[in-house]
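What follows is a set of structures for review.
In what follows, chain A forms one complex with chain B and a second complex with chain C.
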Partner chain A sequence: MIAEIGRFLVALAFALSALQLLAGWRAASAGSTPAMQIAARSAYTALAAAVIAFGLLIILFLQSDFSVAYVAGHSHVDKPLFYKIAAAWGGHEGSMLLWCVMLVAIGAALARFALKQDEQLKNRAVSIQGGLQLLFLGFLAFASNPFDRLLDVPLQGAGLNPILQDPALAIHPPTLYIGYVGLSAAFSLAVAGLIEGRGGRAIATALRPWSLFAWTALTGGIALGAWWAYYELGWGGWWFWDPVENASFMPWLIAAALIHSAIATEKSGNFAGWTAFLAIMAFSLSTMGAFLVRSGVLTSVHAFALDPERGLWILGIMTILAGGGLTLFALRSGKLGNGDGFALTSREAFIGVNNLLLAAVAGTVLFGTLYPLIMSAFGVSGISVGAAYFNATATPFLAALLIFLPFAPFLPWKKDGFNRRLALRSALWILPGVLAGLWAFLIDASPVAIAAAAFAGWTLAGVVTDLWHHRVLQGAAACFSLTGRILAHAGVVAMALGAVADSTGRPETVRALAEGEQIGIPGFTLTLDGVRRADGRNYLADEARIVVENGRVSELLPQRRFYTAADTTTREVAIQSGFGGDLYVALGEPRARDDGEIAYEVRVSFNPMVWLLGLGALLIVLGGLSASIGRALNGRRAGMMP
Partner chain B sequence: MRARSQRLIMVAVAAVVLAMATGLALIALRDAIVLFYSPSEVVAAHPGIGERIRIGGLVEDGSVERPADGGADFTVTDGAATIRVVYAGSLPDLFREGQGVVVEGAFIASGEFEASTVLAKHDETYMPPEVAQALRESGVWQGEGEQ
Partner chain C sequence: MIALAIILAAAAFVFAGFAVWPVARKQPRWLAPSILAGLVGVAGVTYLAGGQPQAPGVPYQHAAAERMAANPDDLEPVAQVERLRDMLREDDTNAVVWAQLGRMLARSERELEAINAFQRSLRLELNARTLSDLGQTFMNLNDGRVTDEARAAFEEARRIDPDLPEPDFFLGLQAFQSGDVETAETIWLDLIERLNDQGPYRILISEQVFQLLSQPQVNTEAVEAAAASEDFDPRQRIADMVQRLETRVASGDAGFADHLRLIRVREMLGDDEGGMATLQAARDRFAEREGAMTILDLLAAALQADEGQSE
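Moving on, here comes the complex of A and B:
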């Protein structure tokens, strides 16, 4: 019965989205207040329906109702409670429902909060968002309904892929989805602005807070995913240039460009067309990411339920979004206006360079990710593009970004701003740059990494000067905005230095050890002291006690788990973190030696200064949140929400 | 500055960045492309020693050996041909005999394939697309997973 109610609520949300689309359109075209109220109430009711449907799915998991195909495929009676709940969004159908919940939530938020001063534009955006909801809820209802029943009801359930049994899973997909789906607000507002023939400035003002919030969530989601791969999946690394990772990186880059170009457009009307273009591309690329992750057209190391038919659905949706959005852009971009113009060393010029470089990275990543598909369209199948491509193309542009970053906050809008004072100030940034480069040289970084480190040191000094120079800013809103900028830029520096340090890491050492045997890596000696059973509620486990010596003695307890219900083995890595880096130990398969002794495979690596990457991501997220708060305060003072 | 010349500078800078990105992408692509072979194609095409390729197929039942000091050796088959793979790393948790696998690496002088990466999945709904195609061509498997 619960599943049937859930199915009904999904259909209801679908129908209400259609109403939202039509009523919102009518409200925008005819300026009709009743139509506007109908659109808004449809959006709120659709949100309630979608949230309740999601709640019902969780209840089905709590009840272990295996007559529902999705529950049977992803849960098990023995699963711990927390993971029964998290399993609700651990597979394709459930995560698609979560995606739809967020899409509908954005629709309701647009209806409630957006553009109090321009109801026509707002209604049009609510209507466009209704159209997006219709597409994705249609996909959910007709091609991936989580409430579908099974004819033969199993007693046990297949169990969620055990690598998904981790606290990070509970928050990684929802955070990532807030980011992906949050970009739909920018899409709807840009499309609505183009339809209404609004100027670039109005559109940029409307979409800025939404893009900023979405980008912040996307940053957090990607970082959690990288942390999960490193910590839980035991891959020994955090970024592999895998198609699924690239799928999240591209919208991130485009959204990063968008939040910068939208500032320039709002201030002086410059880059109006570019800002609208980025807003359309960001959500289109998010949708393409969903397509790449779920269709299985590219060989990926990330597991997901894969089904080509569903892939086609998402591809169709993406074609409608990108095709429709860009066609509209081509027809209407003339109305956006030209802006005030700007000088060569104005802030706009530097934001323009930032956007070009970010777009260049996004373009090369897109090309490399899709290259296997492009070639297979020409009949050449079975090509894959290695990580070397992405490292070689993305790194120079990302490093170049750091050269220009510290100047921008000191430059005025529109006018030339490079004077003697700024030249003297930037001379002060050279020394930290040289020191950072020297540090990279001393830890044996590659020439490109040394350059990147030098630019990062330069930028860090620039960010500190920015804080010092602007410390006298008045007002809460300005302070939150400044803090946001400083934190986010400092986070970028920390990420860059972390990536440089990480690039000097050595490949992992793998050796089979019997009790009492040792393995050495520079600076550490590890001895296998013993292995004992450490079974948990729904798994059997071997736990190794490994004694680590590096001046002082400590011990690490990596585990290897076998989940009986899912017939799957996982490893729980043991990590000893320090300022210099992480000692990372994983336990592999046992093997019998000729003399009958049992040796356990032990995988060891030392990952230099991984904490810098985590710190960088944290700073960027905090910066995004701070800037969002500043933005909201600023908007409230000017009489608009948020 | 005049709007015209300003636009010209913007276009010129964009063109330079675009040209750099294209050039860099094409150069990097040449070194980073890895071709996929099925075991039968390897036998027919004889990729050179040291050439980086991917081979996909099924892990032959009973073929996995685990040397006493670590690593693992196994045979990849598509039913028509077999390739012996040596791997010094730690096999992924989802690696299973009789199931699909993709190995990346190069042939060494001994005639064995030295893998640097082993990709494995045993989800019943998933078969790497290249492996599915290779197995279909050799007639071993007629399952779903059509592109």
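Moving on, here comes the complex of A and C:
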């Protein structure tokens, strides 16, 4: 019965979204107060229905009701409680329901919080959001329903994919989806603004807080995914330029461009068209990510549905969103206004450069990701685009971004601002840049990495100067905004330095070790002290005790797990983190050696300063949150937010 | 089904009613009911596109309770495994259930899980039969080889219960697989002598021992090398082997296994008379070894039955 109630609530949310679309449209067109109220109430009730449906799905997982196909396919009665709950979004149908929950949550938030001073634009946006909900809930209800039943009920579930049975990956999808779906608010507001013929400033003001929030969540989601890949996949990488990773990176880049562009548009009306275009593209690219993950058109370790029919649905949705949005943009962008203009060394100019570079990276990533698909359309199959392409094309643009990044905060809006003082100040940034480059040179970095390190040092000096220069800003909102900018920019620097360190090539050794034998990498000696059984609730495991000596003695406990329900073996690496980097140990298969000893394959590597990547991501997220708080305080003062 | 219909209708009217409330008392009067009906209609049609209101939910606890109430013999093997797992979810300190689960899993060729179940059982209670089953599962996992882990399990099982036949049989097999036919022969013949005349194991193990000891001892590498040469003649090789065995038996140097091999190869070549003669020679030679005589008696009975059939 629970499954049937859940299915009905999804259907109800679908119907309420249709009402939200129609009532919101009527409210915006005729200024009807009852219609506005109905649109808002539809949004709230659709949210309630979707949330309860999602809660019921979790209950089905907790009950291990294998009469529900999705539960049978993604759970097992012996799965730990936390992962039974996480399994609710561990597969295609459940994650699509989560996506829809977030979409209707954004719809309700738009109805409740957005644009109190411009009801017409708000109602139009609520209506557009209702349309988005209708598309995705339709897809959920008719083609990906998580409440579908099985007539022949299996005795036991198949279990969640073991590599997804991990705390980081349980949190990663919801965080990522907040980001993806959060961008729908920017899309709806931009489209609503174009329909209503609002100026660029109004649209930018309306969509900025939503984009900032979504971009922050997207950063957190991507960082969690990279962290998971680092310690779970067992070979120590954190970014593989996998199509699905790229699918999240592209909206991130475009959203980063959008939040900068929207600042310029809000301040001086410049880049109005570009801001609206980015808002449309950001959510369209998010939808494209969903298409790539779920259609099976591209091979990826992350893809979790290989269903061309569902892919066609999402392709249809994507075509409606991007096609409709861009057509509208082409027809109505003239009404956005031209802005006040700006000088060559004004803040807008540098934001423009920032946007061009971010868009260029997004473009090269998009081309590299879709290239195999394009070629297969011409009958050339088996082509894959690897890290070499992405590193070669994206790195120069990203390095250039670092060069320009520190200038903008010191430049005035509209007017030329590159004076002698700023020239002297920027001359001071050269020294940290040289020192960072020297550091990269000393740790054997490649020429590109040395350059990136030098630019990162330069940028870091600029960020510190920015903090020093603007320390006297008054008011909580300004403080939060400044803190947000400083943290986010410092985060970019930390990530750049982390990537440089990672690119230096980590020392790595793989050997088959019997008990008592040693393996060494520079600075460390590791001894396999023994292997014992360390079974968990739903897996069997061998756990090695590895004694590490590097001046002091410590131990690491890597595991090799066999998940019986899924018939899959995984490696649970052991990591010893330090300032210099991570000692990374993975335990492999046991095998009989020629000398008759049973030996375990042990893989040891040292990943230099990988913590910088985590720190960078954390700083960016904190920066985004701080800026969001500053924005909310500003908005409240201006009466735009509650 | 009726309860479900009431719940769905209530949900529809509460949610949709809340949404259309702003126009409930407004003109035109038909507007609110129309929107309400439209909402419920769209939701109902969307639901019915794939809904199965008649299908009951099957929470695992209910399914487990039904399995527990059923006669285990009426259940499919997979359901029996699940029933045992259900019992262990209730109480995982029952060594007998763990061992039984291990046997069921081993029979389903899920060796890793079976080994885990046997080990869980042994942690709770050291039992010779479970140890023996564990050893056999290790063997199954290693294509029939008696590995060091399997040998340790069999030795421990023999220490706990010397009367259990399987550990000795497999320890003999371990010696046989490592090329020590003499030790294997001794272990097996001692085992057969120890077994009850009327018990099921004596005949079963005797037949197995004959099959193993009568296998021709072949140096695979040498045979492969010889087969590669142009003048390789398999019939000549067999004749040479028979010749060697006959010489050894005639000289009195031959062991029990040599006799069995000669009987087997002569029977395969259709030399029934020669086979019977070798059998008689073996009887004379090993008359004092009860285990050997058991195998030879079985062999004689089988040969006579074959002769009877061919006549």
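The criterion applied here is as follows: the second predicted complex is superposed on the first by the 635 of 642 C-alpha atoms of A that agree within 3 Å, B and C clash if a C-alpha of one lies under 4 Å from a C-alpha of the other, contacts with A are read in each partner's own complex, and residues count from 1 in each chain.
Here, a residue touches a chain if its C-beta (ideal position, glycine included) is under 8 Å from a C-beta of that chain, and two chains touch if they have at least 3 such contacts.
Here the structure is a predicted model, which means the values were calculated and not measured.
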Room on chain A for both chain B and chain C (clash or fit): fit
Contacts of A:A141 with chain B and chain C, given as first, second, both or neither: second
First (chain B), second (chain C), both or neither touched by A:L19: second
Touched partner set for A:I2, first chain B, second chain C, both or neither: second
Partner chain in contact with A:L328 - chain B first, chain C second, else both or neither: neither
First (chain B), second (chain C), both or neither touched by A:R149: second
Closest Cα approach, chain C to chain B, once both complexes are overlaid on chain A (Å): 12
Chain B-touching residues of chain A, taken from the complex the two chains share: 161, 163, 296-297, 299, 301, 303, 305-308, 338, 341-344, 352-353, 356-357, 360, 363-364, 367-368, 371, 376, 381-390, 392-393, 396-397, 508, 510-512, 568-571, 586, 588-589, 591, 593-594, 599, 601, 603
Residue numbers on chain A that touch chain C, as the complex places them: 1-5, 7-12, 14-16, 18-19, 33-34, 37-38, 41-42, 44-45, 48-49, 60, 63-68, 77-78, 141-142, 145, 148-149, 151, 153, 155-156, 533, 535, 540, 562, 564
Of all residues in chain B, those that touch chain A in their complex: 1, 3, 6, 9-10, 13-14, 17-18, 20-21, 24-25, 27-29, 31-37, 52, 54, 66-72, 88-91, 93-94, 102, 119, 121-123, 125-126, 128-130, 133, 145-147
Chain C to chain A touching residues, read off their complex: 3-4, 7-8, 11-12, 15-16, 18-23, 26, 35, 38-40, 42-44, 46-47, 49-53, 55-61, 63, 78-79, 82, 89, 110, 112-113, 116, 119
